[in-house]
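Both complexes below contain chain A, partnered by chain B and then by chain C.
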Partner chain A sequence: MGSTFTRRGLLQASLGGSALLGLGALVGCSSSGTGTGDAVNGASNNKAMLPDHLPYDGITPDFPGQPGLSTDAYATYPSEPVRAYATAPGDGQPLSGLSYFNGSLRPDLDRNLYWQAMNTAIGSDLQITVVPAAEYGSKFATVTAGNTLPDMFTILPTLPAIPQLLQARAVDLTPYLAGDAITAYPSLANIPTASWQGCVFGGKIRALPIERGLQTTKLMYLRRDIAESAGLDAQVSDFADFRSLCAELSAPQSNRWALANLPLDYVRSMLAIAGPWTLEGGTIVSNWTREEQLDALEAARGLYEAGYLNPDVLAAPPSQTNEWFHAGTAALKWDTYSAWTGFYVYSGVEGFGVQGLPVPGFDGGKGQPVLGAPNIAVSAISADSEDRIETILKIADWLAAPFGTQEYLLNKYGEEGVHHELQDGNPVLLDERKGEYGLGHIYLAASPTVFYYPGSAEISREPQDHQRSMLPDAVPDPTVGLYSETGSRSFAGIVQDVEALEADIIGGRRPVSEWTSEIEAVLAGGLQSILDEYNEAYEQSQ
Partner chain B sequence: MSRQRLHNGQALPAWPMRLLKGAILLVVCALVVLPFLGIVSTSIAPRAQVQAEGGFVLIPESFTLEAYRSVLAGGVVASALRVSVLVTVVGTALSLISSTLLAYGLSRPNLIGQRFLVVFVLVSLLFTPGLIPLYLVVKQAGLLDSIWALILPSMVSGFNVIVLRAFFMNLPSELTDAARIDGASEWQIFTRIVLPLSKAVTAVIGLFYAVSYWNAFFNALLFINDPSKWPLQMVLRMYVVNDGQLGQSDLAVTENLPAQPSIQMAILILAMVPILLVYPFLQRHFTKGVLTGAVKG
Partner chain C sequence: MGRPTTDDGVTQSTTKTAQTTASETRRAEPVGKRPGGARGRLRWRARLRRDGILTVFVLPGVLALLVFQYLPLLGNVIAFQDYLPFLGIADSPWVGLKNFEILVNGDPAFVRALVNTLIITAVQTVFVFPIPIAFALLLNSLLSERVKRVVQSITYLPHFLSWVVVVAVFQHVLGGSGMINNWLRTHGHETLDVITNPDAFIALITSQVVWKDTGWATILFLAVLSTIDTELYEASSVDGASRTRQLWHVTLPAMRGIIVLLLILKLGDSLTVGFEQILLQQNAVGRHASEVLDTYVYNNGVVGGNWGVSAAVGLVKGVVGVALVLGANRLAHAFGEAGVYRR
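== the complex of A and B ==
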């Protein structure tokens, strides 16, 4: 930074520090922290000129989905994948990035044939710093403060002051992507509009979506093989049926319990109070204040008391609950649609099978699931890299090449004979090179998700069938696309506190009656401010 | 009948009281020992038992070192272990050299500006620079993504320097005066008289440094971009604390993996044992070294 005290310099320094300290209300927002300034107001999101949606027509899904209701599914990979890019999109210069990963740690470039192949295909070396997801906030804040942001970086929804940060540090992509300008990037144009809405801040497109569509929606999984071997009918038409199913699946003497994790959100879906927020007569309200919460908690607590949940469920990390589900120690698990095909990949159990339970009303009829967010993250391009913006967007477009293309095949499955082998035309990953994929690029640009399980049309289609039956009754989270300044700083902590309260109540450490007073305290302690800001943003978006 | 007496003349408590005390101590010991026993047992228990018992085994049915073989087979854990050993050994050596030299200099009464320099060191105890300035300094020094970034920023601890200085000041001045009269230089006095007399405090300070290098993960998170340079604690944090999943490629093994909890506990043991092994060798120096340096400062 030069010696001249410029507004831009102050802005950058402020944002760096503020991102780290969680005090980011320094740019374009009121002192009250309500975030009403134009630069940060999520309300203007819907008024922005979004990119046109031009679905990719190079391949027809074997089982076409319906927008907003079900995801495309494929029985096989095309025998002759289309080549989306005639030439490599890169300019020979490295593409630096900052992203996160959850799975395996990648080997170094010289031992990583996948990374080498990607670099060759893209025409620029991918130099992406990857950080464990749980530590991403600390790393990102420090890199931002140190003014060393790379060309592209992932923005997790839990980061504070995202609009201010993007306004100061990210390229305004509106001139390059809005309207029909996106036709220059056909793979990005293939991403649904709902995902782009989460990329608009202050009326400008500041980011690229990491789309997950309907895959983030949660459902109750059942180990079908266990249910069948026990001769159980898995059709539940109300909570009483679900409880009976839990009772029949539980056999503690055989080291098996019905549930691998808390079923509270499933029960809430039955009571139409799933998710933190709901839209009621044009106003966003908190679901936590609804009276039905007491019924949901009482019901979930009853399941725990009856011994239908694994006794360690309140302290078990997600990996442990997966282990129980795979091993058959638990037969029911609450998870996202994205887990469906993954269960088969990692099970290693002969005859393994899963199915999704329906969401009935608590006393019969229909329940009301809540849709997950269409993006799990967004990515942005550093303002310092604007001179390479078109190349970077082309690389992002390459990385977002849709299912059925040669680029997608390389991106997801590596090279034939090295990373995967074709079995009946389907790429099956080879175990010994599975760990090479963690480059972090999948959180910098991504294609729309599909259901595809190599080698089984049935498994590819099962989750789509379930979506068709469950999602017509689902409601979206009304806060998607809206921004709350207070929420960006404190909502994650509030959720953590509320989840701890839920665990205490279900585990019998606190009475259900304490829920109401505790939630009133949460409201007074910041939730009400978040609600007010969301409602303000919602009103302005209408 | 008179009660039995202890060697100091105190009467032994009545048996119910002794029983109660014994029971309380047993419970306290169990609270400390059982989790550790569980960690060791889970790391050596067979996969089927780990899965059957929900991921935490107290008494293993049989004994297998499969989890240790997996994590030491050459994957990420083995690589991180090498980095941690390198950083700890090199860092501790450099820290001891720099700290003893600085402390010895500050302990000499005829040092010009001694008072100012001591205050300078003390200030570093009171005011830490904070994360962002530290990051900027490391960046400006060109140390980002270098293993030296795990050593240099924490090479000298003000607290350790003060403890060493206090110890050096407490050494009889007659010894150094006699050496000086015999023609010894300051360097010779330091290496041939002061350091040999300071084994206890040097060992303890060395242990302090070694433990802090061994346990550090945050510097690696901030300064190291290349995962192959991550230390063991970073891997521990990722796969045990944050519940990451270690795959076959992470462990460089191709056969079936042991249960994840066994792998996690094996990493935990690997992260604990080296420091635990060092303690018994330094224990005899520990009390003497710390108390002498700290109390008489």
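== the complex of A and C ==
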């Protein structure tokens, strides 16, 4: 028993980790304490031991979100941030960790003023081994096999056999965090319940959430400035509209293509078959076996064939798709909400602007987007470090200090005058020290995310507006909170195989008709067992 | 521990005295005598005294070999386990030969990887292997030392680039939005699909290997060419041999030993084809065209978490490689060549 990661989280992370790659370590890529409470099924039998939710009330959002529908947004940072911790949480001993980073590798401690400031403020040296996001899986496997896990480590949803791993190697946090025990850690108590449900494995709290709330949900981004300068109307009311928008945005002669990455999941949302699973009349079924898949594949293949995708789209690493989007080599990109403000931070283009496309039905009407997982990852504390558990939890609590506190300001924006300067009370990052933040700590403990773009209330609010228009139609992943033994072992591999097949079909390397037989083989090769196990778990949870 | 005369291959083949001593004792020793007697031990000590200093020189290398090559071999036991990294070898459940079933039950992903590997090996043995030989002969026939040096230096260089760089260079030149296609596009021509064309994949990776390693591979052949006694050429030209006949009757026979040696070693590697190179380009053409045994082991094991099955495949691959080397070596001996080691 016990809840696990959402399967969709797996899909997203393996879809190239654009969620991870799209945002800078620092930017206020975030969501409020809203979460997706009612989006979670089947975890009711775990509720008894979940931590209480005590939302931080020290600050009121300028644009409050609605639980399950939109994320809190802030126009400005408080001019007098509250100090959440009177004394440093550390015990003077280093905190070792294993995590990942995006972008460039941070400078070493002696040349890294941000790292030095964090160590001083925390009172324990952060000694976190960081590896590039794409290599995290293999690094993690070798570290676990060598039995050299550090105090804290990040668990990406793509790792195989997570529940077994955590039961064998992670501290059971239930006695320290369940119920009102969490009041000792007020910042962790500020994290919404939906995220904690993703931390329960085998009936025990085995991890801390890296909350993203609604931000892991994906949408189709459009470079508004490009569309405007081309005089295009970006209203999309069916697939045909989208296709003609792609046609108008493509200008191969001047080195521009409409799409930076595969639009398959967007097309699937139009056909209401996005995500691997759907709940249909009380039974969980696989979306991959739905007939509409063939239409989605055919439509996406048509876009590729027409030359609307960057010709290197199948060969390029995900990080490159961001570069294309920033450089305007591509004008449309499928990415998560958390990338929104990050696009502005890293674009460096005059007049840069993005907007989100709506999700219409394939032939008009409304489409059906699928909600992302409430957590982008979770982090665990090594069973070998249980003797220091309270210090480690305190440090985690410090790292999870919410928006509006002094701790959050240092954590995300470094020191004033060194890493950022205040413009009208908003911390604006200075370019010269932008490379220092990738310590990996943001994937060991994190506060609930919010939308905040320093210096522009408008940009802070844009993504929230889009959420309000898109998310009322969105459906959650029905397997969130359910556990499948087979799934925990082999679903990551299955997703990889299916994605390879999708790329083959869209790229015209294999005909659309092969989808059906290949998916039948996938069903026989383990997917059916996963479905059966999920359905069994679902029935028990009802 | 075996016959005392056979544990000394190095000395035998390197010094003439040792060879004589060894063969003499071999003859002197009565068949069936219990090995390791008082005499044998004495000789062992005497030899140690004589070669002691050499042994010390060899020690660090042997140690490194043991620690980094032989010790990790023990990890292959996970081929017989349902291995989970966090449980470790000690606690992972044993499953017998279950992991090896994939070799015989016709798993399509495995079969595809095997077939691709064999095709790529065959193509590369036919097209890649002879090129450095031809290139070495060409260089050798150049009269100007300076031109030769310059050409050599330029062709060696790509060997020192990592595959990441080589693949990136190829993609920037040949890719869909690369140099050539951008030129074609701006001049209104059809673009070429090279990088993402599965049918061109084998040709692409083969040309990458040729571009990267031909220069480097000529070094050995050039070294052999420089050892050929020039009197042989003079004598043959006195006898009226043309350049072609000289090539056929003097140069190539002199190179035969090294060619056979490298071919045997290549055979041992035949199930190992450019892991890094292929993995980097796998998304571009899809796994159907590009999955080979090594990437299969990686994708299935490290990424997919099926460690046991992957280890089983890797183990069998290693065993087949050793068998091929030994078999080819035998064949070489049968044809009177030295092979990898002397009999």
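Just so we're on the same page, the second predicted complex is superposed on the first by the 493 of 542 C-alpha atoms of A that agree within 3 Å, B and C clash if a C-alpha of one lies under 4 Å from a C-alpha of the other, contacts with A are read in each partner's own complex, and residues count from 1 in each chain.
Heads up, the rule we're going with is that a contact is a pair of C-beta atoms (placed from the backbone, for glycine too) under 8 Å apart; a residue touches a chain by one contact, two chains touch by 3 or more.
Computed from a predicted model, the values in this text were never measured in an experiment.
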Superposition on chain A - do chain B and chain C clash or fit: clash
Contacts of A:K412 with chain B and chain C, given as first, second, both or neither: neither
First (chain B), second (chain C), both or neither touched by A:T329: both
Which of chain B and chain C A:A168 touches, first, second, both or neither: second
Partner chain(s) touched by A:Q253 [first = chain B, second = chain C, both, neither]: second
Partner chain in contact with A:A503 - chain B first, chain C second, else both or neither: second
Contacts of A:E135 with chain B and chain C, given as first, second, both or neither: first
Partner chain(s) touched by A:N102 [first = chain B, second = chain C, both, neither]: first
Partner chain in contact with A:S319 - chain B first, chain C second, else both or neither: first
First, second, both or neither for A:R433, with chain B first and chain C second: first
Clash with chain B (superposed arrangement) - responsible stretch of chain C out of 117-125, 171-179 or 297-305: 171-179
Interface residues of chain A shared between complexes with chain B and chain C: 138, 142, 145, 255, 310-312, 329
Contacting residues of chain A [partner chain B, same complex]: 16-17, 20, 102-108, 129-135, 138-139, 142, 145-146, 148, 255, 310-312, 316-320, 323-324, 327, 329, 348, 431-436
Contact footprint of chain C on chain A as seen in their complex: 137-138, 141-142, 144-145, 147, 159-161, 164-165, 168-169, 252-253, 255, 257, 310-312, 314-315, 329, 489-490, 492-493, 496-497, 500, 503-504, 507, 509-510, 521
Residue numbers on chain C that touch chain A, as the complex places them: 84-88, 108-109, 171, 175-178, 181-182, 185-186, 191, 193, 195-196, 198, 281, 283-289, 299-300, 302-306
Contact footprint of chain A on chain B as seen in their complex: 51-56, 76, 131-132, 135-136, 139, 144, 218, 221-222, 225-228, 235, 237-238, 241-250, 254, 256, 259-261
